[in-house]
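Order of writing sets the chain letters: A, B, C, D, E and F. Residues in each chain are counted from 1.
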Amino acid sequence: MIQKIRLKRLIMDALDEDIGSGDLTTSALLTGGESGTGRTVAKSEVVIAGIDVFREVFHAFDNELDFMAYLRDGEVASPGNVIAEVSGRLQSILTSERVALNFFQRMCGIATLTRKFVDMITGTKAKILDTRKTVAGHRDLDKYAVTVGGGQNHRLGLDGGVMIKDNHIIAAGNITKAVQLAATAIPPTIKIEVEVKNQEEAVEALAAGADIIMLDNMSISEMKKAVSLIDGRALIEASGNVTLSNVREIAQTGVDFISVGALTHSVAAADLSLTIVAE
Amino acid sequence: MIQKIRLKRLIMDALDEDIGSGDLTTSALLTGGESGTGRTVAKSEVVIAGIDVFREVFHAFDNELDFMAYLRDGEVASPGNVIAEVSGRLQSILTSERVALNFFQRMCGIATLTRKFVDMITGTKAKILDTRKTVAGHRDLDKYAVTVGGGQNHRLGLDGGVMIKDNHIIAAGNITKAVQLAATAIPPTIKIEVEVKNQEEAVEALAAGADIIMLDNMSISEMKKAVSLIDGRALIEASGNVTLSNVREIAQTGVDFISVGALTHSVAAADLSLTIVAE
Amino acid sequence: MIQKIRLKRLIMDALDEDIGSGDLTTSALLTGGESGTGRTVAKSEVVIAGIDVFREVFHAFDNELDFMAYLRDGEVASPGNVIAEVSGRLQSILTSERVALNFFQRMCGIATLTRKFVDMITGTKAKILDTRKTVAGHRDLDKYAVTVGGGQNHRLGLDGGVMIKDNHIIAAGNITKAVQLAATAIPPTIKIEVEVKNQEEAVEALAAGADIIMLDNMSISEMKKAVSLIDGRALIEASGNVTLSNVREIAQTGVDFISVGALTHSVAAADLSLTIVAE
Amino acid sequence: MIQKIRLKRLIMDALDEDIGSGDLTTSALLTGGESGTGRTVAKSEVVIAGIDVFREVFHAFDNELDFMAYLRDGEVASPGNVIAEVSGRLQSILTSERVALNFFQRMCGIATLTRKFVDMITGTKAKILDTRKTVAGHRDLDKYAVTVGGGQNHRLGLDGGVMIKDNHIIAAGNITKAVQLAATAIPPTIKIEVEVKNQEEAVEALAAGADIIMLDNMSISEMKKAVSLIDGRALIEASGNVTLSNVREIAQTGVDFISVGALTHSVAAADLSLTIVAE
Amino acid sequence: MIQKIRLKRLIMDALDEDIGSGDLTTSALLTGGESGTGRTVAKSEVVIAGIDVFREVFHAFDNELDFMAYLRDGEVASPGNVIAEVSGRLQSILTSERVALNFFQRMCGIATLTRKFVDMITGTKAKILDTRKTVAGHRDLDKYAVTVGGGQNHRLGLDGGVMIKDNHIIAAGNITKAVQLAATAIPPTIKIEVEVKNQEEAVEALAAGADIIMLDNMSISEMKKAVSLIDGRALIEASGNVTLSNVREIAQTGVDFISVGALTHSVAAADLSLTIVAE
Amino acid sequence: MIQKIRLKRLIMDALDEDIGSGDLTTSALLTGGESGTGRTVAKSEVVIAGIDVFREVFHAFDNELDFMAYLRDGEVASPGNVIAEVSGRLQSILTSERVALNFFQRMCGIATLTRKFVDMITGTKAKILDTRKTVAGHRDLDKYAVTVGGGQNHRLGLDGGVMIKDNHIIAAGNITKAVQLAATAIPPTIKIEVEVKNQEEAVEALAAGADIIMLDNMSISEMKKAVSLIDGRALIEASGNVTLSNVREIAQTGVDFISVGALTHSVAAADLSLTIVAE
């Protein structure tokens, strides 16, 4: 689910940012009459995400370019696989390729990393969640890429969920009051999540009617205890210092969700190349 | 050098993106009368970059917040060091902290990684350059963070330099024609760089009057040969698959610049925390 | 909860829309040296809503105007009551007053009507909800005004709740599949509401795990039956042709929420006047 | 006359406002392959206005939707009449219908109410005028709808007419000076209107060369006296507390124009429904 | 009368256009701690226009700069006269001076040329009008500068006046029908001007009720005949190939207005210099 | 080289600026069914520049208009030559022609004047450069028109070149330090230019490694001396008070570039007419 109006604006701004007053090199050396094909190839194993964004950048710059995708979002490219080809006016391809790749490599990078986390917890009931630790302007794209990788989105923004933490609880008086206060103030379509640090807080949040309880930086044994104590009466999210090494152990505690900030705050661009092939 | 008009717009859009229709939690649970202090602490060794951007996010949301920076751009925070404190209306801090951190952690992450590359080549004459592999909307911030880490910027966009590659050469006829054509078409304030794959191309580019010659994915021995051949008559950039492991060897070939895409396309957010402290 | 960044942009655009190239009259006839006070008085009973928006329009045009509010959002002005005064440069007041009033009268009108619905159902457990039937650009303001009048907001936009209707059910296969499908696709912070036309659908929605069941255009007796059947296991919303005449009877069926499109799609501007008083 | 560039922007912003990060429901439950037809039917008597705006919203979201209008602006739909049908990708229709209806129902509501006022004064020479009491962002659409209903537009904004009121007169010294001052300062293409409260002021305004004289809140007999006194030497506008009950009596005084704020400040959305019909 | 909201946006965009990613020179060579004063001096005789725009550019870039104006709009600077000084952070002055001067020199250039035309027709009743031949984005500023030079503005845009030409007349049938049609379709605050090529058309336009008659490219004797024929019953505008050489003769025919496209379509920047003086 | 994304936005804003709420005349008098052809004819000798911009304005307003260009950028139109024709919906042509001409006449005016300067220096090696003295919003268009006229662009903005002047030198200490400081701070793709007032400064700049030396307001004999002294070791730009009368003498001194502010700061609109021809 990528919102097209926002995407269009983001892409236009990105092209404008890179091109500035113009692509000096291409304008000086090409006549505009040349045509060519840019072939995008995977150089390592990559989960494809954002192929439509990749296409859209080329089309935003020159809507007469032909774009052929050989893989769809969610499919895996092995090293050497051709992912897509864009053909037409060579000037357009050369001027827009870097921006197109910048979007696409980030999205594939996010999906590829998410897939690794998801694969680590196969067989458990847990789902991998993302966070709001995204790059400014890329919230929608980053979160979409997480779903392509098999993850689920946490709230999309501050208006898409209630997350009650320490300072909110102190301000409201206690957990019970905080949950009640929120319940009457927010749209009934929004759930209430409470962040807890120990069993006592978990018990209070549950009693107060929290829909989701977030176990913040708990040890594996504490998580197990909390899962057993809550016993299905609320959804449970594990959070804090989740890595590929410890994610399976966390999933096996029986939590419903495990949120991983690194999915979007520490992205390695997917290893792809775009080469111009002979016409 | 961060351009303030663009920064202001980027920050406003980022806050709008995260907050959407409003921070449901904070609006429901705080009265607006609470005050507090958010303290940002390093959790690992971090090169500070973007402290003014960090401040600006808080001020863009609420210009009555007080912001105190304890470190400046370029300084290194050790684990446990307090980097900055923001004080005032607690609602404002809670609503804006995530966006502020998203910017700041990315910038510090870039500077920290750049510093590692720079430190690896101490004593050589080479400089670390960035590339155009930045995240859409963040070109200026990403590149600024590179300079804070000790790197130098490559061209800021397609209008800030000429980079002649294969396809440009084919279109122009040969390297000589391409360089001459560019020289008459572009502002005289802009230099001409030619990407070469072997010694013959390097020789031709030099003769044609290229200001900078980029050695594309050459072996160490090829680079040495090219450096000796060019002999100071043009600047030399090494490019392709540069890592912390091989960067020193590359620098020791005598090239002037080494460009590293990973500085900005594969950023790990710096490990920082923002904690609300008692009032 | 009004998001300030969006509000600022909306107000700037509104002033620009009305003023265009300039206020011909005021520019021609005033020197700029005149000062005065604009006094806003209620001409009928009005629930105040948006006093901060009212102030903000004046300040957006001229931040040196003094604005004094005599009533706060949620308070009731009786005919003749002074609601607010704005003082300073007369040119600024005359040029911006119409835009300021256009915002404020709409918001007070919404709150005043909402209050009437809320008052009609006192003593019942039902809450009055708004809908997405707002004027383009005014979603946040319209919905805020509803809360000031004592109503609660339904989802703020299409990304703030799931509402499964006929066509979604047909596409998914049946209610059960639709609810399950949604549950895995959306953020866990979002609830699932199902619109039902009869008891059978209500039963299926409940069994499928719907968080909220919307009774669409049911008769009073059908609603009662549904309430008894659901018996607290899901929240219940009544919707369709709700008026001041029938709202109490609906509330007495035991539903949790009653949504009223007219609150925002058929707003009568509150009856206020702004008069310039002698300096 | 709707200005298309502004309309396009307004519609894009409206879609973005409602959809936010995405239509959670439709994205989760439809595959994108479904198609359907949305049929818009009148549920009471409605003067059609804005059918092109209605179409444009659907096309702005998905330009492959087919839109068939069965009635044109200015025609009257009786209850049960099909007004328009939109066909194509069902996801697109479901996601954009609410925004499309929000625009269209407001515009039809304005035209329908305007028509009632216009019909009340048939046979007189008076024309119904609107005011600047429009909703922010909708000035053009609101005013266009008034013309569709048979009304005429008053000035479109502060730069489209001079309207001299009390405070302007005081600042200028007297009516005569005010009119003269305005005449030399404004484009000669713009007329000068003076608001008067009694016969003396009307006489002075006429002598000063006012093009239009506005009778502010005068009684019927005062209006008659003013009309006879001015005797065609200036256009006359009646203003203040005009309702369907008193508008005919006012028109019969012989005034040229009667301005009615309620046309745009207190709009009831036209009663329309959009139903998805079987494919 | 300059509309401040639009001006602010225009200035921000202009600064962004010139600075791009940053002022490389100033950022590299100044520390930010230097301060200085930029003194603007007239190098030939200049009518000052836009001193507030000049100030606003500096303040938009750095609101801590001090700006002192020694002359006001409409006053004349002789060669050597100091017009204004801006003091403060030297980096800010150096980075923003070019944009500030680009605005100011154009506006002064327009006012200076306008004053020449106005001075040529002293003693006649004619007024100098501008046209819509302005530079994109500068309509308001260009037209404001004309008024400072002693000219009057023609319509500000297509929505600020009716101008009936050949093709409109052909479409409507004849002049009489065209004027009548326009009268019922437009706001009554707007006047109707008809462009005529000979006496017959002038007579018809007058009879049809035109408020203003434009004599298009007539000879002096034809103009005189038309003035005598119209005899004060409509305003008269002379248009076409007006120069400083023939403007007085045109004015002496007795026309009310003479429109001059060159005032804004062929502007010579006023001859000013900004020098940094010792601190 | 015109950047299309920026151009599209500039054109949309320009149309919006002129049309405002609508073209009152054309809306009132044409039914929308009329068609016609607008023929653009040169009225004096004009170097064509911006024919694509001219076309784009019409298409931005109505993409169904047909546009036929009879001359290309760089070609010369003699008086009476038809330059282009636009055909289709007459309303669209009448509403958009003024904006289209405003862009086109400015661009042709710039190219025509540039060509005059270029022609004056035929046979010398010097090139005519523009400056940053452009109109806000038109930097790209103004500079493109200069290249069409045979000129070359100086830096496109503050981020496209380093230009070291007095104040930069004072801040850095001396010319040598300034050049060195700049060299390490800026992208290696950017050249360093130093403005000098005499031979001593020229010598120092040369020794410091300046790529370009600008001779500021030097006499012809001083320029000759500087050229001989620099002897091809740096590029040389002459600047200050360049006119058609003295430009050849300057060129004959042997400088590489001569910059002329008047090319863009004092533009006379090219003398063109657009006439609607019979259908």
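Everything below uses one rule, namely that a contact is a pair of C-beta atoms (placed from the backbone, for glycine too) under 8 Å apart; a residue touches a chain by one contact, two chains touch by 3 or more.
Just so it is clear, the structure is predicted and the values come from calculations on it, not from any experiment.
**Q** B-F versus D-F: which has more C-beta pairs touching?
**A** Looking at contacts between chains, B-F has the larger number.
**Q** Rotation angle, subunit B onto subunit E: superpose the C-alpha atoms of these two copies and give the value as a multiple of 5 degrees.
**A** The rotation relating subunit B to subunit E comes to 120 degrees.
**Q** Just give me the whole-number Å value for how far the CA centre of subunit D lies from that of subunit E.
**A** Using C-alpha averages as centres, the distance is 33 Å.
**Q** Which integer distance in Å separates the CA centroid of subunit A from that of subunit E?
**A** Using C-alpha averages as centres, the distance is 52 Å.
**Q** Please output the residue numbers of subunit A that touch at least 2 other chains, ranges allowed.
**A** As it turns out, subunit A has residues touching two or more other chains at 19-24, 27, 139, 156-157, 159-163, 185-186, 190.
**Q** Please output the residues of subunit D touching subunit A within their complex, sorted ascending.
**A** Residues 12, 15-16, 19-24, 27, 61.
**Q** Please name which positions on subunit F make contact with subunit A in the complex.
**A** Touching subunit A from subunit F are residues 1-6, 139-140, 143, 156-157, 159-160.
**Q** What residues of subunit A sit close enough to touch subunit B in their complex?
**A** 10-11, 13-14, 17-31, 34, 36, 90, 94-95, 98-99, 101-103, 105-106, 109, 132-139, 156-164, 166-168, 171-172, 178, 181-182, 185-186, 190, 261-262, 265-269, 276
**Q** Which residues of subunit B touch subunit F in their complex?
**A** Touching subunit F from subunit B are residues 129, 147, 152-156, 159-163, 184-191, 193, 211-212, 235, 237, 256-257.
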